[in-house]
Amino acid sequence: MSSEIGKRVKLSVFGESHGEMIGCTLHDLPAGEAIDLEAVYAQMARRAPGNDPTATARKESDEPRVVSGFCNGVTTGTPLTAVIVNENTRSGDYAAQLSVPRPGHADHTGMVRYNGANDIRGGGHFSGRLTAPIVFAGAVCRQILARRGITIGAHILQIGDVRDEAFDALGVRASLLKELSEKRFSLIDETKEAPMRAAVAAAKQAADSIGGIIELAVTGLPEGLGSPMFGGVENVLSPLIFGIPAVKGLEFGDGFALGSMRGSEANDCLHYDEHGKLGLMSNHNGGILGGITDGAPLILRAVIKPTPSIGQVQASVDVQHGINTTTVIRGRHDPCIVPRAVPVLEAVTAIGLLDLMESEA
Amino acid sequence: MSSEIGKRVKLSVFGESHGEMIGCTLHDLPAGEAIDLEAVYAQMARRAPGNDPTATARKESDEPRVVSGFCNGVTTGTPLTAVIVNENTRSGDYAAQLSVPRPGHADHTGMVRYNGANDIRGGGHFSGRLTAPIVFAGAVCRQILARRGITIGAHILQIGDVRDEAFDALGVRASLLKELSEKRFSLIDETKEAPMRAAVAAAKQAADSIGGIIELAVTGLPEGLGSPMFGGVENVLSPLIFGIPAVKGLEFGDGFALGSMRGSEANDCLHYDEHGKLGLMSNHNGGILGGITDGAPLILRAVIKPTPSIGQVQASVDVQHGINTTTVIRGRHDPCIVPRAVPVLEAVTAIGLLDLMESEA
Amino acid sequence: MSSEIGKRVKLSVFGESHGEMIGCTLHDLPAGEAIDLEAVYAQMARRAPGNDPTATARKESDEPRVVSGFCNGVTTGTPLTAVIVNENTRSGDYAAQLSVPRPGHADHTGMVRYNGANDIRGGGHFSGRLTAPIVFAGAVCRQILARRGITIGAHILQIGDVRDEAFDALGVRASLLKELSEKRFSLIDETKEAPMRAAVAAAKQAADSIGGIIELAVTGLPEGLGSPMFGGVENVLSPLIFGIPAVKGLEFGDGFALGSMRGSEANDCLHYDEHGKLGLMSNHNGGILGGITDGAPLILRAVIKPTPSIGQVQASVDVQHGINTTTVIRGRHDPCIVPRAVPVLEAVTAIGLLDLMESEA
Amino acid sequence: MSSEIGKRVKLSVFGESHGEMIGCTLHDLPAGEAIDLEAVYAQMARRAPGNDPTATARKESDEPRVVSGFCNGVTTGTPLTAVIVNENTRSGDYAAQLSVPRPGHADHTGMVRYNGANDIRGGGHFSGRLTAPIVFAGAVCRQILARRGITIGAHILQIGDVRDEAFDALGVRASLLKELSEKRFSLIDETKEAPMRAAVAAAKQAADSIGGIIELAVTGLPEGLGSPMFGGVENVLSPLIFGIPAVKGLEFGDGFALGSMRGSEANDCLHYDEHGKLGLMSNHNGGILGGITDGAPLILRAVIKPTPSIGQVQASVDVQHGINTTTVIRGRHDPCIVPRAVPVLEAVTAIGLLDLMESEA
C-alpha cells in the first residue's frame, strides 16, 4: 500500500531521486486505447524542473521510455511500464543530511521508519522527483478519460496572499479546463501571474519559499459514479492526492466554508431546466453527493505547503553526535512548488477517476 | 472497496437504516486483546441520537451484540462481528423520496448508481445510522491503541461562527484528549457550549441546519509510523474520514493556512530539549512528515456540512412525472450533526491507526 | 485476507461453530439482481448436516436471515449480509480439546497462531460449520451467473476406491450440471451410490472416516475471461477452493495426468465445426489457456481429505501437562464429508467466477 | 490483480517477451536486508534458457539491473525494482500467430481477452520469459527467509514416466533442500537424470514435448504461520503457483492420494519426542493444518504440462480467413520445461511465504 495504489487500474511507482531509474507500472488499463506519447510528454514538461524561474535549476530530460504494455500505438491491456533514467544528479549536495536532518523534510522520519536503510540521496523515494512517473501515468489515464468525454483541469488558486479567480462551480466549461491543462503557470485570470511571480521572487530573495492552493475541476463525469461509505469519489481521490508531497489539506465543493453555512445555503437542489434536462441549481457539494457524482462538475482544492528546502540558517540536530546544531540547505530547490504541482494534481485525479470508472464498469 | 476498508485490520460494514440489522466485522484484529464492552457502549452512547437537543428524536437502544470473534473477554483473532437490531423505524416518513429526491442527500445519486434498486428507506446504506457500527469498531480499536499508549480525542472546533479554542498543536496532552473523548458535547473551552447551542437552536428555529468543524489530536504514536507516497498516515486516514457522511474537507497540521505561509514559518525543526530528548520545536505539519509520524501529536480537522434534512420548503423534482416541484422533509432529523460526529471521527481514526500499526508491525 | 476474499465482489465471513451467530457479507454485488431465497435455502439444505447417513447427527435449522442488501426481492448493490443463529450446540463435547489437540485438526495450530485466544469450541472459526454462510453466498452468486447463461455443477468423482464416471470434458451439458447441482448425493452414474455408501459405512463401522475427490464443471462461461499471470481463472479460484476445510489438492483439466503426457496429446486445437462455429477439438486444459477461458467447459477436481474426527483411540499430547497421551474424539461427526462438500465447492466457484466477471466487466 | 500479487510484500511484474524490458517491483520488503546479487544471479541462471539440451536455444544475458530500492548492499524498504533488457529476440518467427493461433497457447484466449490489442510477439506478457523477473524476486525473498532459518528446495519428481525418489515428508533436511536449490537439473536420486533426459530426447526426436511434476519442500517455517479460511498457506501460495505458465495442478501433503485414504491413515498425531520436543509423528498434511503451519516441513507438488510449442503439424484455424488449417510451430522452444520450472516454483514459494510472514508479523 506504500507506493502502489488502486483497485482495478493499479499504479505501482518505483525509484529514488538519485538512483538509476524511476518509473511506474499501470496494471489493468483497458486494452486497445491509443496513447499519444507527444501529449504525454507535454504533460511531463509542465511538471519538469528548470523551465521556469519558480522552479529548481536541475535540468532533466525526463523523457520516459515505455518499455511494456504499449504496442502499435495502443495499450495492450497487460502492464504498462515507463522508466525514466536519472541524469544530472549531484549527490554530493546531500552528504550532510545523513546526520543533520533537513527541517520540514522526511529525512528523520524516513530514517526512523526504515532504520536508516533508506536511500537518503536527494530525498530518495520521498523526493518530489517521483511525481514525474505519476504525471506520466496520469497523462495516459487522462487521454482515455478524454475519449469518454471527461476533462480535467486545474489552476493556481493562490500563492501566498495572491488569489486567482475561483472556478464557477456549476458552470465551469471543458474548454477552460483543457486550456488550463496545457499551461505552465495555470491561471484563470492571467493578470494574477505577475503578482504571484512577485510573491515567489520575494520569498526567493529572502532565501525562503512560499505555499499555495490549487483548485481542480472535472467536467463530463457520468452521473452515478462512486459508491457509499469508503468507495466514493472523495475516498478514492484523497489517498492519491495526499500522495503528492506537500499536500496537507483537501476539500471538495465549498469545503471548509461549509462549517459556517446552513443547510438551506449548502443544499444543491435538482430541477429540470428549460430544455427539460435534469440538473442541479447550485454546486456546493463539488459534484459529489453520498460519495457519488451528481452530474455537476467535480470541484476540489488542495493546499501545497511551502517547500521545506530554504536557504536560511535553520535549527536542526546532528543525530550522529547527539547535539543541537544549525543547517543551511544547499542544492537546487524551488522557491515555490505550486505551479509544478498543478499537473501532478491533475494526474492523480485522472488515475483515480479512471480506476473508479473501470472498477464500477 | 465500497463498505469495507483496510489493509490488515479490515472493516466490513453492512446494513441499512430501516433494515433488520446493521453491523460490522473487523478482520485480523490482534488476538488476545481484552475489550471492555461497557467502554465500547459508552462511546456508542456519545453518537446515539435522542440524547441531546441538537440531535434527532429517534430513540434507539443501539446496543450491539458481539456475535463472533470475542471469547472469554478477549479478541480471538478471527473475525469480530457485532450486530445492532434496528428498532423504532418509521419508514412511512420516507415514501415521498421515491420520486422526489431530497436536496443535498444521496437519494438521486444512489438511485442512479444502483439503477433504482437501492433501499431508499431512511437513506438505506447511505444513512448516518451506519456510523453506529463504525463507532463500535473504533471503540474496540481505541482500547487496543490505548494499551499501546496512544490516546485519541476530538472536539467541536466550530459550529456556525462560534469557535472553540484550538489544540496546542505541539503541547496537547493525553489527559485532555481522554477527557474530550468521554464528552457528549466535546469542547476545550466549555464556555462555548452555550453560544454553540444557541447557534443550533437558531438554525432549528428557522427550520434549518448548521455545519461545523471538528479538530482531532492523537498523542503517543510511535515515531516512524507510515510509509511514503500512498502509504502514509494521511493516505490511510483520509478515505476513512471521507467515509463519514457530511465530511467535505480534511486538513492536517496547519492545513489550508499553509497556502499563505513561508517555509521559514512552516518548517518544524528538530532539537534536543534540556533533557536530551529529541523532538520538534513546532508542529505545523500535524505530526506527519513525508507521510510518517514525526513524534509530535497528530493534528487534523474535518469539516461537517450542515445536515441536508431541513424543514424548509425546497425546490426539487418529481422524477416519476418529470416535473419540477417542491419538497418539505419530515421525519426526525438533527439540526446539527457535529456533536455526534465527534466520536465517529475519533472512531475512524482509531481504526486507521490500528490498521497502519498492524500493517507495518 | 483471512476470512475475506475477492477483488470486486468481496466475501467477508464471520462466526464460530458454537458462537451466537455465523454469517457473511457480500460486498459490491451487482444491483437489481433478483434472488430466489427458496433456491438459496435448497442449496444450503444440500450442505446441512443431519440429512443423510454419511453426515453428522447435529441438526440445525441453518435458516439464514438476510438482514441487509436485499430489498423488494432484489439486491440493492450495497452490502448483502445473512446471519445464521447457532442452535443445538453441545460445547461440553469439546472440553478436552483445550489441552489435548485432536489429531488432524487445527486445534494446535490455531492455538499457536492466536496464542491460545481463539475460540476452541467446536473448532471455532476453523469449523466446517462456517461453510454454511459460504454456501449461502455461493447460492446468491450462482443465480446471478445463471441469468448470464453460466451453469455450475459438481459430482462425487471418488470416495475411497469407488469412482463415478468422469465428466466428458468437452461435451458436458448444462442440463447435467443443473441436475447434479440439485442432488444431495451427487453422481453421474447413480449405480455408484450404493458402493460409495458401503465404503462410508465400512469406515464408520471401523470408527474411521474416508476421503474422496469432487469433480466440477462450468458451462456457458464467456471466452476471454481471466487475465495472465496472477489474474487467471485458476488464480482466482484456487485460494477460494483451498479455503474449504479438508481440500488438499486441486487440478484443472487433465491436471496431474499432464505430467506424463506429451504436447501432441495435451494440446487443444481450434477448429471451425460443421456450422462454422469456432471451438476446441479437445479439452485437456480444462477450459483455461494462459489463465483465460477458451470456450470449452471449465473442469476442475479437488481432493477432500478424510474427516480427521474419528472414533478410534489416537495418540496425542496433553499440552497443559507436557505429556504424551491418547485421545478419543466424541461428538457428532461425519464419517465422510465429501457429499456435503459438493455444494461448497460449487459455491466458492460461483463466488470466484462472479467476482472475476465483475472485476473484468 | 493480474500481474501483481501480495498482501504486504507485493510483487508487480511487467514486460513482454519481445518488448524493450521486462522486470518487477517488490513493494514493502523489510528494510536493511542484505542481498547478495551473485546468489540472485545464480538462481536466475538455473532458469535461463540455452544452458541445457532440455531447453530452448535462445540465449539471453538475463542480467537484471536493480534500479531502485537497493542501496549500500541492503534493501531500502522502498520499492525494489529490477529490469532486464530483452536481447536476441527474433520476432519474425511469430508472424503466423497473428492469424493462426498456436494450439495449447494463449494466443487465441489472449486475443479475445484484449480484443486483439495484446502484444503477440513471442507470447507477449504470457511468455514464460516473464518468469525471469519472478525468479529474481524470489531469489531476493529467499535470502531474507534464509536469515530466518527457512530453506526452500524442489526437485523434478517426474518427467514423463520416470520418477525421482519423493521427499521424506517428515524427515526432509534443510541441507538437502539447499543442495537441490543450487542444481540445474534438480534430483534427489541423480541416477534418474539419464532416463529423464532420454525421455526428453525421445520427445524432441518426435518433434514433441513432455510434461512432469515438481515436488517442493520448505523447512524451518515457524509453527503458527497462516490463517483460517482464505488466509492460509495454501491460499497464499496457490494463486502464485498457478501463476507459473503450464501449472495445471497443485497438491499439499499427500494431496490427491488422500481421496482414497482413511482418517486413521491421514491424521498426523502430535507427540513429545525423546527430548521432550513437541512434534508430529507423520506428515500427511504437508505441514499445514487449518491453513496454518504445524511445524512439519511444508510439502507440495505442482504438475507442469508439456510445452505446447511442438514441431509437429497440428490442426488450427486461420481466424482472419475463417477457415480450418494446419500449423507448424517454428522458433526455439523447450521440449521439456520442467527443469527450468524448478527455480520458478521455488521463487514463487519464497515470495508467498515472505509475504505471509510479513503480513502476520
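Per-chain numbering from 1; labels A, B, C and D assigned in written order.
Operating definition for what follows: contacts are C-beta pairs under 8 Å (C-beta built on N, C-alpha and C of every residue); 3 or more make two chains touch, one makes a residue touch a chain.
Everything quoted here is computed from the prediction, not taken from an experiment.
In summary, the chains found to touch both subunit A and subunit D are B, C.
Counting C-beta pairs in contact across B-C and across A-C shows that the higher total falls to B-C. Using the average of C-alpha coordinates as each chain's centre, D ends up farthest from subunit B.
One simple way to say how far apart two chains are is to compare their mean CA positions; for subunit A and subunit B this gives 26 Å. In whole angstrom, the spacing between the mean C-alpha positions of subunit A and subunit C is 46. Our note on geometry: subunit B versus subunit C, Cα centroid distance of 39 Å, whole angstroms.
Shared interface positions of subunit C, defined as residues touching 2 or more other chains, are 1-4, 7, 13, 28, 78, 113, 125, 227-228, 231, 359. If each chain is drawn as a node and touching chains are joined, the picture has every node linked to every other.
By the touch criterion given at the top, residues 7-8, 28, 78, 227-228, 231, 359, 361 of subunit B touch subunit D in their complex.
Across the complex, subunit B meets subunit A through its residues 1-5, 7, 13, 101, 103-106, 108-110, 112-113, 125-126, 130, 158-161, 203, 206, 208-213, 223-232, 234-236, 238-243, 245, 247-256, 258-272, 276, 278, 281, 284-286, 289-294, 303-310, 312, 314-317, 319, 322-324, 359. For subunit A in complex with subunit D, the residues that touch the partner chain are 1-4, 10, 12-16, 19-23, 25, 27-28, 31-32, 65, 67-69, 71, 74-81, 83, 113-119, 124-125.
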